[in-house]
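Presented sequentially are two complexes of chain A, the first with chain B as partner and the second with chain C.
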Partner chain A sequence: MSSKKAKKPLYEQSTQFRHWRFSSSQLENIRTQTNASAVERVKRLLTEESALRETEQTDSPRPPPEEIPYLIADEELALCRYYEAMIRNFPGANFPDEVKATAIVYMKRFYLRNSIMDYHPKTIMMTCLFLGAKTENNIIAISDFLNIIERISREKISRDTIFRHELPVSQSMRFEYAVHHPYRASFGFFLDLQNFTKDLTKLKRIYEKSKEYIGTSLLTELVFIYQPSQIALATIRLATKTLETKLDINGYIRSKFPDKHEKLTDILDDIENTLTNFSPVSKDQAKEIDRKLHFCRNPEKNPNSALSKKRRADKQREREVRKTKRLKTLRDQQKELESVFQ
Partner chain B sequence: MSVRSSTTAKSTPKKLSSNGINRQGETPSNDNADEVCPICKNNRYLSPDMKLLVSECYHKMCESCIDRLFANGAGPCPICGQIVRKVNFAIATFEDLLVEKEIKIRKRIAHHFNKRQEDFPSLKEYNDYLEEVEKIAWNLINGISLEETEAKIKAYQQENHDLIAANAQRMLQEEKLAKLVEEQELKEKQSEFEKYQKTLEEERKMKATLKDEFIEELRSSKQTADHSASTSLDIASSGVGMWLGLDREHLDDSMKDYNPAATEYADVDGYTLREKYYDPFTEVLGLSKTGGFNIKFVHERALQAAFSGICDV
Partner chain C sequence: MSHLTEDDSTIERKYVKEKKIGEGTYAVVYQGKEAATGRKVAIKKIKLGQSQAGVNGIELSAIREVKSLQELQHPNIIELIDIFSHKTNLNLVLEYLDSDLEMIIKDKNIVFMSSDIKSWMLMTLRGLDHCHKNWILHRDMKPNNLLVGKDGQLKLADFGLARDFGDPMAKNMSTQVVTRWYRAPELLFGAKQYGYAVDMWSVGCIFAELMLRVPYLPGETDIEQLDLMFRALGTPTEEDWPGFNELTQMKFQKYPKTPLKALFTAAGNDTLDLLEKMLNYDPNKRLTTREALNHPYFRNKPRPTPPGKLPKQEKSNHLNEPVSPSSSSASPY
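Here is the complex of A and B:
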């Protein structure tokens, strides 16, 4: 019965705890690395592309690949933020908070190792939302989903676009679909605080406010850095402050975590700072980045680019060569067989 | 085991040869129930022991008739009048006497005309020779200019006396070789058969010991018969149990005291679960009346979420 090694709580055995926790400096390192390798790759491919274009004809003026202002890591992050906010404010389909939160986390995890120069965040956003609806047990038919998208953006998206991106997204997340959000933890504090205060209507308001803050926290780096329970407690504390209630939340924290409340307070302060200083990415900013992105997108991923046309032609030629080779060997064998009977 | 096989090995060739004789003797007599001896008109229905033999001139008659007719040495055949002897009567291999005759003649010719292709300078000459031999055989079988043909054979025999002898010798040797090869093959087959028998025997023995062990275990163990039956079945069924990790011998130690009912996780502490909470969010869903649903579990899960990982730095 007694196991030899110490058991860990359920949360600490989750993939989120084991694989998706980073410090802010680690995050920055990963992002700059991803960005640098993407820029190097795109530059190489664009040079190839422009060489191909010169042999054909020049239809639209494009700057040479060396002079293109490539996106930096911060710009990539900002555009991602913009689309994450779009998920959060997704108007159709009545998705619950968990679905949207999961989709946002998927997007964050995806762009940790991928660049928006390879995959445009618009398609990834839709794929993540569709995937999140599935993993959070809120399944929506692909046709209904596409109808909603079309109604909102007046843009027709084929189902293949979403299906084609499901695998790269899943792979980049290492197929770790389970995400723990602060929402449930916040509800837990709402319940536990009932031991601490008698004013239940106020507590309810605090809880509802904290949910708003959790929504904001999803648009920051906090989900990578802190635990859901920590974020939940910070949002509750922030809500008590902003609602100007008389609830002594610091007293509650002190009484609940007597030996660790100092460290915990530091964490909560940091989260609070991030949340209060949060400012969403404006549409103009996003447009500006998108305009830049237009010139430095990976031509391999664009089916109309000269490079991907060439790749396709190469593949086709290779297939034909293989086919003729196979036919030739078949014919040789046939001849050999026939020569036996002559 | 080995004794039995050696006796079979010795007896097999004998059996084969005796079989051959039996077949030769039985086939003509058994097949035709209404065979009649042309001399005494005795038929098989009346005397089942009747044996029809064939004369030199290819005429059938029963044994008793032969005994009666040729008791005093050679005499004329009652059908064609040719002088025949008792010794020259033989058991017919074929029912059709024409075939019997042809085979006899061909045997005789082949004995004399035993030249081979190597003895001729070209294929054409060999073919001519074969043509000639065939003509002689045809003449003899159908009785065309018998004397001339016989003379031809005699002349040929004298002419090629040495070659015939040499070829005969060679044939004999070849036959010997073929026989040796055949014997070798037979031996191999025998040994293979023995091996197969041995494996069968071993398998049988193993099954028996397994069964004995199982019975012994049943007798000595305190477990119920049902349980031990299932485990022994796992072991016996060709390693499937081992693959599934059900084989007791191959269970590693950590799995031995594994309790699937025990939780794998450490408890989350820091909270006490109350019987009742103010909960305007879950209660509106009206789930509390659903079978198997208890709002307590929702609350406990939320509290666990709130207090897990909170002190992680």
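Here is the complex of A and C:
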């Protein structure tokens, strides 16, 4: 926020600023593309799968691949949002706000490149939370983590499931683990506002409320579109309004940013709009999407699918062919050697 | 959008591994090149979850190193050019530098001028300042981790112990960081809360080593480390370091404070003043990188030698030296 030098601000050197900033329309395009290519791929694989199943004769009849209602981009996004909210409300382990925020951002980044038809958001959610705890210096032992998961979801997850997904998650983020959140900036404004008003109780309430709004901002697109300090300021401004504190926040903003006040107001208005219009994805909505998802998941990712079995068998055969070949070459060489000495 | 679409195998194909140049606890380092340009690179191959049989997934040290280097772009910090994974390995493509400050210090054919030392110090502090500005503690500053390129530029490397330090109240940080000889007194006393000052202590030790041409405080054990420190700089009193008496139950021999001039006979007053302030026992009084860079030492004559004119080794050692797996110090990475 300070303008000491004309040098590029530190934030602009961060990978978050350089690589993870998008406009709303860019985000929409990326998601549409990711979804379209996933649908195409999954359809092809399911066709292969159903062909295999016909020869194999399996029990449960499934709709033919071309008739399956594949998920659209908005549905994918909605289910992701549902699981993002679960991170935010994660009850165990006392993860600080930063860990949860980082995990949510990891999840968002992951699903720009990947489809939930390939990776179920429940698994990715857990992986991101475990990874986020690690990158934010709040490392938790995997066994403790799995115990918490089991306690809250009554589901047993293997450590391998988490470990196996750490790499695809990291890859999809291009290993850019550092994430900047609005929390620090919000705290900065809280400190700075103490020069503006002496009412500390009021400020503390505003600050607490601002953190709540930051939590909400994490469940929206805002983290891709605006800078952490902009989001922080918007949440402070919104908090002063909703708490009816009569703090002259606009006066404060005007005095702090006299030259870019107008442009900043537009930004803050936009953030505020998104926050006040936010509505969480309901459990019913999530269930409905999950039901649809059940029929259009990539069979390659399911170890029990006919396709996976075939892939494994193919690989095994390949290995054996290679092995026989190698043995044969060895035997030939041996023969050749022997013939030299005969 | 190439950033989102380039996949790992595409990146992998851009580089050729040529030969192994070092092996550390969690990584193997290869020399290689970028196929298209012939640019020399170092490829650090990190084995994932192998050492502890996958107790915690991707190693914390790998995560720390990657997380830090991705954010740091500075002429005095090693450049992370690319990163890709292959099966269960993580490969960091780093810029290749064929020498390091430890090799230069040990090479008795090289004579150091005080302007050379000033130049190395300047580059070290600039790199470290950039880390600290980005809330990153290096936590393993030593001559061996300060790589030197053909152009004489010095670069901080090996961020496997680095962690970010946004929260000044961060607790429970490990004290098993920093190679002992360069370890700050608060770490030796097991302080769980410490800060940027631990890196500055290390820089002070490196500064001394550049003048002495041997490690300044080469303790064999943690206790001996403290003893050496107190002999050299005087046993701290409650006045030197408020809170010192509460740090430990141990009783130390009371060594008097001897002027640094007695050991560093050739050094000027500005040099000794800077050194003394870097080696202040009280972490709160120890210089910050900013303060150190603003110290008169860097403005006074002689001017620091331009990097291109710094003395370098006739031939770089580790290209020819066979690398034994046991000596991780043979590799600057």
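What we mean here is this: the second predicted complex is superposed on the first by the 336 of 342 C-alpha atoms of A that agree within 3 Å, B and C clash if a C-alpha of one lies under 4 Å from a C-alpha of the other, contacts with A are read in each partner's own complex, and residues count from 1 in each chain.
Operating definition for what follows: contacts are C-beta pairs under 8 Å (C-beta built on N, C-alpha and C of every residue); 3 or more make two chains touch, one makes a residue touch a chain.
Note that the coordinates shown come from a computational prediction; the quantities given were computed from them, not determined experimentally.
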Now for A:Arg184: first (chain B), second (chain C), both, or neither, which partner does it touch?
both
Thinking of the overlay built on chain A, is A:Gln13 touched by chain B (first), by chain C (second), by both, or by neither?
both
Looking at A:Leu337, would you say it contacts chain B, chain C, both, or neither? Reply first, second, both or neither.
neither
So in the superposed three-chain picture, is A:Asn137 touching just chain B, just chain C, both, or none of them (first/second/both/neither)?
second
With both complexes superposed on chain A, which partner does A:Leu167 reach: first (chain B), second (chain C), both or neither?
second
Residues of chain A at both interfaces, chain B in one complex, chain C in the other
10, 13, 184
Touch list for chain A against partner chain B, complex
1, 6-13, 17, 180, 184-192, 194-195, 200, 203-204, 227-230, 232-233, 256-257, 260, 263-264, 267
Contact footprint of chain A on chain B as seen in their complex
257, 259, 262-268, 270-272, 274, 277-281, 299, 301-313
Touching residues on chain C, where the partner in the complex is chain A
1, 3-5, 7-8, 48-49, 54-58, 60, 63, 66-67, 70-71, 73, 83, 85, 88, 90, 133-134, 163-164, 166, 170
Which bits of chain A are touching chain C when the two form their complex?
10, 13-15, 19, 30, 112-113, 130-131, 134-135, 137, 139, 141-142, 159-160, 162-163, 166-167, 170-171, 174-178, 184
